[in-house]
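You will see two complexes here that share subunit A, one where it goes with subunit B and one where it goes with subunit C.
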Partner chain A sequence: MPAHPDSAPAGVIHDIGYRHYDGDRLGRAAITRALFWHSLRGAYGLGRSARSKILPMSLFAIMCIPAFIIAVIANVGALNLSDLPLPYERYVITTQGVLTIFLAAQAPQSVSRDLRFKTVPLYFSRPLERVDYIGAKFAAMSAAMFILIGVPLLIMYIGALLAEFSVVTHSREVAVALLGAAVFAIVLSGIGLLIASMTPRRGFGVAAIITVLALSYGAVTSLQGILRYAQNDPTAAGWLGLFSPVTLVDGFQMWVFDTTSSAVAPPPGTVGGIGFVLVTFVLIGACWGLLNLRYRKVSI
Partner chain B sequence: MAVIRTEELTKRFPGVTALDGLSIDIDPGVIGLVGANGAGKSTLIKILLGIAPATSGRAMMLDLDVVTDGSRIREQVGYMPEHDCLPADVSATEFVVHMARMSGLPANAARERTADTLRHVGLYEERYRPIGGYSTGMKQRVKLAQALVHDPQIVLLDEPTNGLDPVGRDEMLGLIRRIRTDFGISVLVTSHLLGELERISDHVVVIDGGRLLRSSSTSEFTRTSRTLVVEVTDQVEAVAAALTDAGAKVERDRRLLAVELSDDADYDLIRSTVARLGVGLIRLEQRRHHIVEVFGT
Partner chain C sequence: MNATVARLTGKALFGGRRALLLLTLSVILVALAVLLRLSIGVDHQVSADFLGAVALGTMVPLFGLIVGTGVIGPEIDDGSIIYLLAKPVPRPSIVLSKLAVAVVATIVFATVPTFLAGVIMSGLSSGVALGFAVAALVASLAYSAIFLLLAVVTRHAVVYGLAYALIWESLIGGFVPGARTLSVQQWALSVAERIAEPGLVSSDVRLAVAGVLLAAVTILATWYAGQRLRVLKLAGEE
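Coming up: the complex of A and B.
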């Protein structure tokens, strides 16, 4: 019987020497996409150690549990509800503490690590341009935040459909809330990444993001309360909402999508509405611009 | 094809000139770039990678201009920085796969090439452990692997022997030589030690204060200059005039004559001219790349 090439004994290691690669080389766009997916998975600890999954996955669960309870309540026949106990668009403000913790933990994970370990030069010595790197990181963080907000909204929506509430009304409402969620995700990610990119120390990044977001929200909300109720000045109280990203985007979606506001004082009138929309866009643009400026300075 | 070519390349930082009119022209092979700390080695590498702009002058890599074709150059080039650049909390395999993807390799190819490359640089079972626990020698191998994983045409290695003990140093130098001989990849390797690079390089470039001090082949075969250096005992003027009359292009540099070589008959011409004038011929050799050769630093 002639020896067959396939009949070589298994488990033998052959040193076949160096082999050149002559397969596909993907361009900048594909590399940017690969970095996006890598960063998005990283934000939930996927493809990383079990320990890195604990925090993002628990926060994701914590975000979903209230939505699930809301969906169940809607389906309890004895209550005989005709609508969800909480409108979709108010879910973000209600859970903004969880969002802040997620952002504070995962934005530094995404960008500070590359700075701390000085891995950034390895990216920029590859076909990727700096703007691609920033774009991929920004998009991935925004997508991670969007999933964090969007999945609970969809759970509520499914609950509403099972409870046989108006399909048309709820489809419209959830779509609007998802658009609002996208704006929240982009604004919060921009701020989170910008702060995280300033320091290679992860701990500083975490602390700074929590401080900026929680402090601004707490300060704005309490000052709004004082102005509106103690000083009887709802206009000034409304304008104050510009100074916290959460109340800013809340005002944005209230004016653009005509949703109910969750803030102590909503943006005052049409001028206020336009002001909130403009400031939202300026804020996103500023985060993008400053991130680009930051990475131009990164030493290689 | 020249893998690296610079013309009057200058880079000024506020208050300091890192590169000062540097012109080099280098063929494929192992190229040693030697200079003291601050001589401009890292600056040159960054300009060649197209990640730092030059103040003036031109630089080409693989016949591509670094200013206009930076992205295409970086597709074909590997870079190993001098400093630490490895995340401590992932394994060598995960890290190199990611870097392969960042060089444009599809997912499956990235995994295959990573396994191959880590084996070639001499990392085996430990490649599944987090990099944070590696020795300096192992880290240097991972840094080298990420520069090679996408099978570049040339790798730029910035001080790869830094921090290694004598045995590790020899192993790394051997590995660098193999990159050229076994893998067929050109190498630009920097060091502040001339001795260690002369052992493995085909060509050595010495720079100091951003200026070219010396650029020479370490073997006779890589010489590409088409100029003959002629040194005679006497009557330099007369020899120059006679050669010019015979149709050769001659430049005089004190006691030396530089004769442009058009074909092998020029050797005969120089020999007969010198013999006819009755002067002694001290030196007749192909010139190395540059006019002023400063030996020693």
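Coming up: the complex of A and C.
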């Protein structure tokens, strides 16, 4: 809707007398979309300095290399394989260290810097609502993580097709794995953004995210190992998986999509499966709710 | 060493929320040890595995990372290091003072809880507690020195440090045995191997080699951090 100078709405393109603006005045949706794209590109360093591209791009490469190797191995005729050496759905947990680093590096980059340079008040002085800001950041981070997991999966899928494995089976498997990847991306992004939004210092956010994710994963897998093999108690070991986001979503996709589990101990039985699914949804909801609560006030 | 630099660094490190986070982690480690003791009882092998994976494998590198970069990183980040560098204090002495604070912090937050966890789980007789405490001590020293150097060299010290700790030590070290020779974790494990009862802990590196490498890495990293601080360039925010 073109605005006329005399009937100019109390919009947000301020006419301070230097240059008039007669173009379209885009609303909330457009701002949210722009913020989403800006954040998504920023997560990979696009539109930023060359130095900030090094890290996300090299992590992306590190994620893709094993998938590429798997795809090549599948195509080596001498080995005569009938399936991929690693199922799609186990790729995430195998490479969870890389994912953790990417999240720890890029989530604070996405939100902590807005706090540090005091751009959040500027965002909120636009028609943008709190939900829009959080939604855009959350969606962008999740999309970035999804790309990070999804592209290697597609590489493996192409490898499987080239090796002339069953198209139907592999299409189904890769679709399921991509759905699982989406859940991984959303859960991890929620946790990462929530922690990062608590501090304007990038370094502190990075350390906090890593500590929470790496320590919970390390402690949970080691305790699971002890309980399952030294104590012979796979049920208790399975329940322990709730306490680390990675094992939690692994249990989720194992139960919902009926895939193989990569954790030391899978969730125990039907009750365990339902518990894992519920906790996953509660965790996502909690991250969303807490983020909204956090941004009621701009300052820390 | 410069007492004033050390005092100010200590204040910054122990004053904020960072100390709270570290303290929480130490408490979690001890709590997990209590839990294991209550549910399993005394099992030296379990204690050794648990301390090896959680304390030495995850916690000590993380603490070294947070503390080692924390003593100098924020100052370089917000540019206030320039006020310190403008004082007539030798740069190597600044590095040494900050390293001393980092080492004290890792001893308080990582070594002592590791020792406590070890004692809770298996007492003093098997040597597991003492072995891992000493291992955690030498590892903290080496990690602090390495990550302090990283913080002087790059603004993304935490991330690169993590890439080393997670990707090199865990992922590549898991597949390529040769990579384990060049890992602080294995060097520290060889110390634990010597002190604990035989058979409980195993390391890929011999103690003599590990000792030399640990000392060399710590000293070289500290020296080079001092050199790098002499030519530090303050870059703007990217």
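Rule of thumb we're sticking to: the second predicted complex is superposed on the first by the 280 of 300 C-alpha atoms of A that agree within 3 Å, B and C clash if a C-alpha of one lies under 4 Å from a C-alpha of the other, contacts with A are read in each partner's own complex, and residues count from 1 in each chain.
We adopt the following convention: contacts are C-beta pairs under 8 Å (C-beta built on N, C-alpha and C of every residue); 3 or more make two chains touch, one makes a residue touch a chain.
All of these numbers come straight from a predicted model, not from anything done at the bench.
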First, second, both or neither for A:48, with subunit B first and subunit C second: both
Contacts of A:282 with subunit B and subunit C, given as first, second, both or neither: neither
Partner chain in contact with A:62 - subunit B first, subunit C second, else both or neither: second
Contacts of A:231 with subunit B and subunit C, given as first, second, both or neither: second
Touching partner for A:26 - first (subunit B), second (subunit C), both, neither: first
Partner chain(s) touched by A:97 [first = subunit B, second = subunit C, both, neither]: second
Touching partner for A:203 - first (subunit B), second (subunit C), both, neither: second
First, second, both or neither for A:18, with subunit B first and subunit C second: first
Overlap of subunit C and subunit B interfaces on subunit A (superposed complexes): 48-49, 117
Subunit B - residues contacting subunit A, complex: 46, 49, 51-52, 71-72, 74-75, 77, 79, 81, 83-90, 94, 98-99, 101-107, 109, 113, 116, 120, 146, 150-151, 182-184
Residue ranges of subunit A in contact with subunit B within the complex: 17-21, 23-28, 30-31, 34-35, 38, 47-49, 113-114, 117-119, 121-129, 300
Subunit C residues touching subunit A - in the complex, by the definition given at the top: 17-18, 21, 25, 28, 32, 36, 39-40, 43, 45-46, 49-50, 53-54, 57-59, 62, 65-66, 69-70, 73-74, 77, 156-159, 162-163, 166-167, 170-171, 237-238
Interfacial residue positions of subunit A with respect to subunit C in the complex: 48-49, 51-52, 55, 62, 97-98, 100-101, 104-105, 117, 199, 201-204, 206-208, 210-211, 214-215, 218-219, 221-223, 225-227, 230-231
